C-alpha cells in the first residue's frame, strides 16, 4: 500500500471531482426515474387486464398455492444469495484497491435493477404490471410477487456478470446506466420471446421457430444458459473491448488477484444458490424435478474436475470451473441424463480454462473475471448442448432441436453484441465509460468511494 | 500491530485478571442457571395445560402440518444465518483488535439466549413450557419446537443489536448478563402483549387499545420493526451512553473500521436471511404472502439507493442502508403497496445516514455500528409508517391505526429506556460495564480471549 | 511472508516436480475412472430391477411427492453449504501458506466424491443405480435423484473431515485417492448396514443385532453421529499418525492459526447447514420432526457454552464447541428431550476441548483441526448417548438399546481403523503420503497450486 504517501495531494483533487460526479449522478437518476415512471404508467395501463393471472394454480386448493409461493420464494432467496457470491468473486479477483468498488457495484446494481425491472422490465417480459391495487397483488397468496422476485434474480445477473468484466477501470455511473438499460429493456425483450408473454413464437412446439426448416421443436432454455448467461457474457464483451485493458495489464509484472479465499467464498455462494437458480426455474412446485438437481450437481462436478486437470490444480480455475459447468447445464438440466450432464459440465470447465487464457493472454482482451468465456461461451455451449445431449438418441428426454438451439443462441449473440456496442459506444463518446488514469492508479475505492477496503490498515 | 512489544509486561497482568474474571463468570452462570431452573419450573407448572396447542393447524391433514413445520424451520434457519451476519457486520466495523470479541459475543449470546428463552422467555411470552413429556413435544410433528426456534431467532436479535453499539469497550460478562435479562424477561414481556399470549390487549381488533380515542384498530407489527428492532435499538442507547465513547474516539485521528469486505459479508447474510425473518413471520404456511417478500425487497432496495445517494456511494452506508430499509419494512410488510414499501425503505435509508452522522459526530454518542439509528430509529419509523402507508387511503390493506402505532411504539421506547437504564445502571455501579483503559488499549481480543484475529501474523 | 526471497531458486525445482506430479495425477485419475466404470457397470446390471423405488411415497398424490422432493433438495443444498463451511474452517485454522490448498482440497474432493458415490457408493449402499434410462430417473418427480444428492452430502463429509486432520503436510493426490476409496467403498459398506439396503440386519427391530444378548433394539443413528462423523474422525486418526506432525510443530514457537474470522465463517456455515443435515435426515417430509430441530439447537448451544467455560472464552474452541454439540446430537436428535440434548451437547463441547488438548499437546498427535476429538470422539459419544438419553427412563422416546449402540459404534471404530491403516499404510510405502520437507516449508499453496492466498501481496 504505497497509497497514503500521495494522499494529501490527491484528496483535494478528489473533492473537486466529487462535486461534478455528484451532479451527474443526480441527473442520471432523475432521468431514469422519470423514464421509468412514464414507461411504467404507459405499460400498466395496457397490462391491467392481464395482471396477476398466474398459470397452473388450481384456485380451490390453498395448500398447492402456499407451497408454490414457498417454492418460488426459496428460489428467489437462493438467487439473491448468489448476488452476494458475485460480489465476493469479484472482491477476490480484483486488486485490493478495487474491492470496495466491487461490493458497491453489485448491491447498487441489484437495487437499480429491482426498481427498473419492477417498473419496466417485468411488464415488457410478462405483460404484468404491479401498479395495480393491493388486493390484486394478493391474489393466490401473492404468487406473482414472488415470481417477480425470482425472475429479478435472473435479470440482475446481467449487470453482475458485466461488472466482473469491466472491473477496476469502468466509471461507476455510466456502467450503472448501461446496466439499467440492459435490465430494463434489452434483457426483458429476450426474456419475452423465450420465457415470457411471447414465448410461443420461439419456444412453442408449434410456434414460428418450430416451423423453420430443420427445426422440429421450439427453443429450449430451462434455466437460462442462453437467456441469462450468454446474454450477460456477450453484452460484456463490447464493453470490455471499448474500455481497453487496465493500465500496465500487459507490462512485465502481471496484475495479480487480491484474495483466493474471497474468490472461493464468492464461488461457494454462487454454487449453493445455483440450485435455486436451476431447480426453481421450473416455475411452479408441480413441475419440480430432482433430475434438474442431480444434473446441476454433475455439471458442477464435471466443470470442477476438468478445470482442475487442465489448469493443474489452480485455485482460481477450479472455483470458476464449477461455475462454468453450472452455466452450461442451465439450458438442458431437465433434459439430460446425469452422465451427459457430467460431460457437458466437463467440456464447459475445459472451455473456460482454455478460452480465458486465449482471450486474456493471446488476444490481450482484459476480461478481469473471464466473464466472456465463463458466461458468454459456456452459456452458448449450454444452449447448443441442450440440442445435442437432450435428444433421445443420446439418452435425453427429447423434444428439442439442435437447429432451434443454434439459431436462437446465435440470434441472442448478435442482438447482445449490437445492443452493447450501441449503448457503450454512445456512452463512451458522451459521458465517458472509463475512469481517468489518476483514478485508476489510486484505485476505484479511493477515487469513487473515498475509502479503502481495510481503512484501519490504511491509516 | 504495535501490540507485541508490550506483550511480556501485559501477559502477567492478564493472567491475574483472568483468575478473578473466571471466578466471576462462574458465579454469573450459576446464578443464572438457578434462577432459570426455578422460574422455568414455576412457569411450567402453570403452563402445562396450555402446552403445545398450536393454532390454525387442522389435525387430520398431515401434509398441512409437515409443510408448516418445514416453513417455520426454514424461517428459523434463515434467521440463524442472520446471526452469523450480525457477527461479521461487527467484525468488519470494529478495529482488528476487537474482531475475535465480536465473533465470540454473537455466538455466546445466541447460546445463552437459547437457554434463557427456552426456560423463561418463551413461557412468559406464549404461556407454553417445554418442560413436558417428549410425547407432547412431538404433537403435530413438533411444530411448537420449530416455532420456538423461529421466535428465538427474533429474541436473540436483541443482544446481537446491542453488541454492535457497545463494541470495543464493554466488559464481556456484564454485557452477557444484561443481554440475558433482556432476552429472558424484558423482551418476552413486550412480545407477550404484541405477539404472544396477551396480544389481544394491544393487537386485537376489539382489544383494550383499539377502544382508545382515535385508535380504531389494534397495534400492528407484522415482523418486528418495533417488537424486535426498536426494542433492541432503544435498549442499546442507555448502554452506549453509560459506557461513554471509546478512548481517543473524538481525538484527531478518527477510529477507522477494519474491513469493508467483512462488513459487506455480514450485511449480505443479514439481507438474505431477512426474507425468512419477514416472510416466515406469517407464523404458518397457510398465511404466507408473496406481498411480504416483494415489500421487503422494495424496502431493501429503497434503503440502499437512498443511503447511496446521500452518502455519496460510501460502502458502509450503502450496506447498512439496505438493512435500514429492511428494519423499517418489518411492521407493515403485509400492508403496503410495493411502491410505498420503496418509499418507506428509502426514508429509512436516509434517516440512517443522517442520524448516524448527527449521533456520532454532533452529539458525540459513540454508537459503533449505529444501532440506535439503524434499529432504534428505523424500527420506530417502521412502526409509525405501518399506520401511514398501511391505510387504504395510501393504497395499503387497511385495518391499521396511526394512533395505535404511535402509542405502542412510544410505550416500547419508554419501557426499553427505563429497563436498560436500570439494568446497565445497576451493573455499572456494581460489577462494572467497561473494560479498563489498559484492556481497551490492547483490544478485547487479547484482553479477554488471549488471542488476536490473525494469530499467525501476530507471532 | 519471507517466501519471495527464495522464490527464484524454488521455481525451477517446482517446475520439475510438477511434471512428475501431473503424470502421476493423470494415472490416478485414469485408474479411478476405469475402476469406476467397471464396478458401476457390474453393479448397475444387478441393480436395475431395484432402481428407483422410493419408499413411503403415495404415487397418486403429486403434492406429497413434490413437497417431498423440495424437502430433500433443501437438505441437500444446506449440506452442500456445509462443505463450503468445511473449507473455511480449514482456511482459518491452517497457516496462510496452506489456505489455497484447503480450499482446493474441499471442492475437488467433493467433486470426486460425487462421481464415485454416483457410480459405486450409492449402488453399494442402497442397491440403486443411476445408469438407467432417463424416464426411470424422473419417476416421482425424480425423488431418488435428490435423495442421492442429500446422501452424497453425508458421504462427502468423510474426506472433508480427514482433510482437516492431515492439513498442511499431506500430498494432494494420494489423499484424494484415499478419500475416493473411502467414499466409493468403505463408507457405503457402513451405510448399507445402517441406513441402506441391508439396514434391517443392524437397525431393524427384529434384525440380527436386536436378537443379541442385552440388545433389545436395533442400532439407531438418526443423522450420522456414528455413520458419518465417527467414521470420518476414526478414518482420519491412522492417517494423522502415519503422516506424523508438521515440521517444527513441537518446537518452541507453536504454530498459530491464520484467521479467526475465516474459522468462524466456516463454523457458521456448518452450524446453519447442520439443520438440513439433521432435520432432512428424516428422509421424507412425512417424517419431519420439529423435535430434531430443537434438539440440534440445544446441543449446539450446550456445546458452545461448555467449550466457552472450559476454554475460558477461546474463539477457536467456542466455534468448534458448537460443532461438537452438533456432531453428538445427530444420532439421537429424534429421541431426546431438549433438556437432555443440551446436556449431550455440553458434554461433547467439554470432551472436545479436553481431548483436543490431550491429543495435540500431551500425546503430540498433530491433528490440525482436531478432527479426531471433534468427529471421532464426539461422534462416538453421540452414538452411545442415543442409547442412554434416548431411553424412556431418561425422558427419551425409547426403542433404543445401549448395548446395540455400543456394539455397532465399536464395530465402526474397529472397521475404520483397519481400513484407514491399510489404505494409508499401502499408500505411504508406495506413492508416499507426505510432501517433502521443502514443499512443506514453502507451503502447499506454492508447492502444489503455484499460488499464494493473497497473490497481490506476495508480489
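Labels for the chains are A, B and C, by order of writing; each one numbers its residues from 1.
To be clear about the criterion, a contact is a pair of C-beta atoms (placed from the backbone, for glycine too) under 8 Å apart; a residue touches a chain by one contact, two chains touch by 3 or more.
Note that this is a predicted model, so its numbers are computed, not measured.
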Practice item. Examine where the copies subunit B and subunit C touch and state whether the two sides share over half of their residue numbers (same) or under half (different). Key: different
Practice item. Quick one: superpose subunit A on subunit B by CA and send over the rotation angle as a multiple of 5°. Key: 120
Revision key, fill the gap. Chain centres from averaged Cα atoms put subunit B and subunit C apart, in whole Å, by 34
Check your understanding: At which residue positions does subunit B touch at least two other chains?
Key -> 63, 67, 70, 74, 265
Review point. What part of subunit A is in contact with subunit C in the complex they form?
Key: 63-64, 67, 71, 74, 78, 95-96, 253, 256-261, 264-265, 267-269, 271-272, 275-276, 279, 285-286, 288-294, 297-298, 300-301, 304-305, 308-309, 312-316, 318-319, 322, 336-339, 342, 395-397
Exercise for review: Enumerate the contact residues on subunit B facing subunit C in the complex.
Suggested key: 18, 22, 25-26, 29, 62-63, 66-67, 69-70, 72-74, 76-77, 80-81, 84, 87-88, 91, 99-100, 103-104, 107-108, 110-112, 114-115, 118, 130-131, 133-134, 137-138, 141-149, 152, 172, 262, 265, 448-459
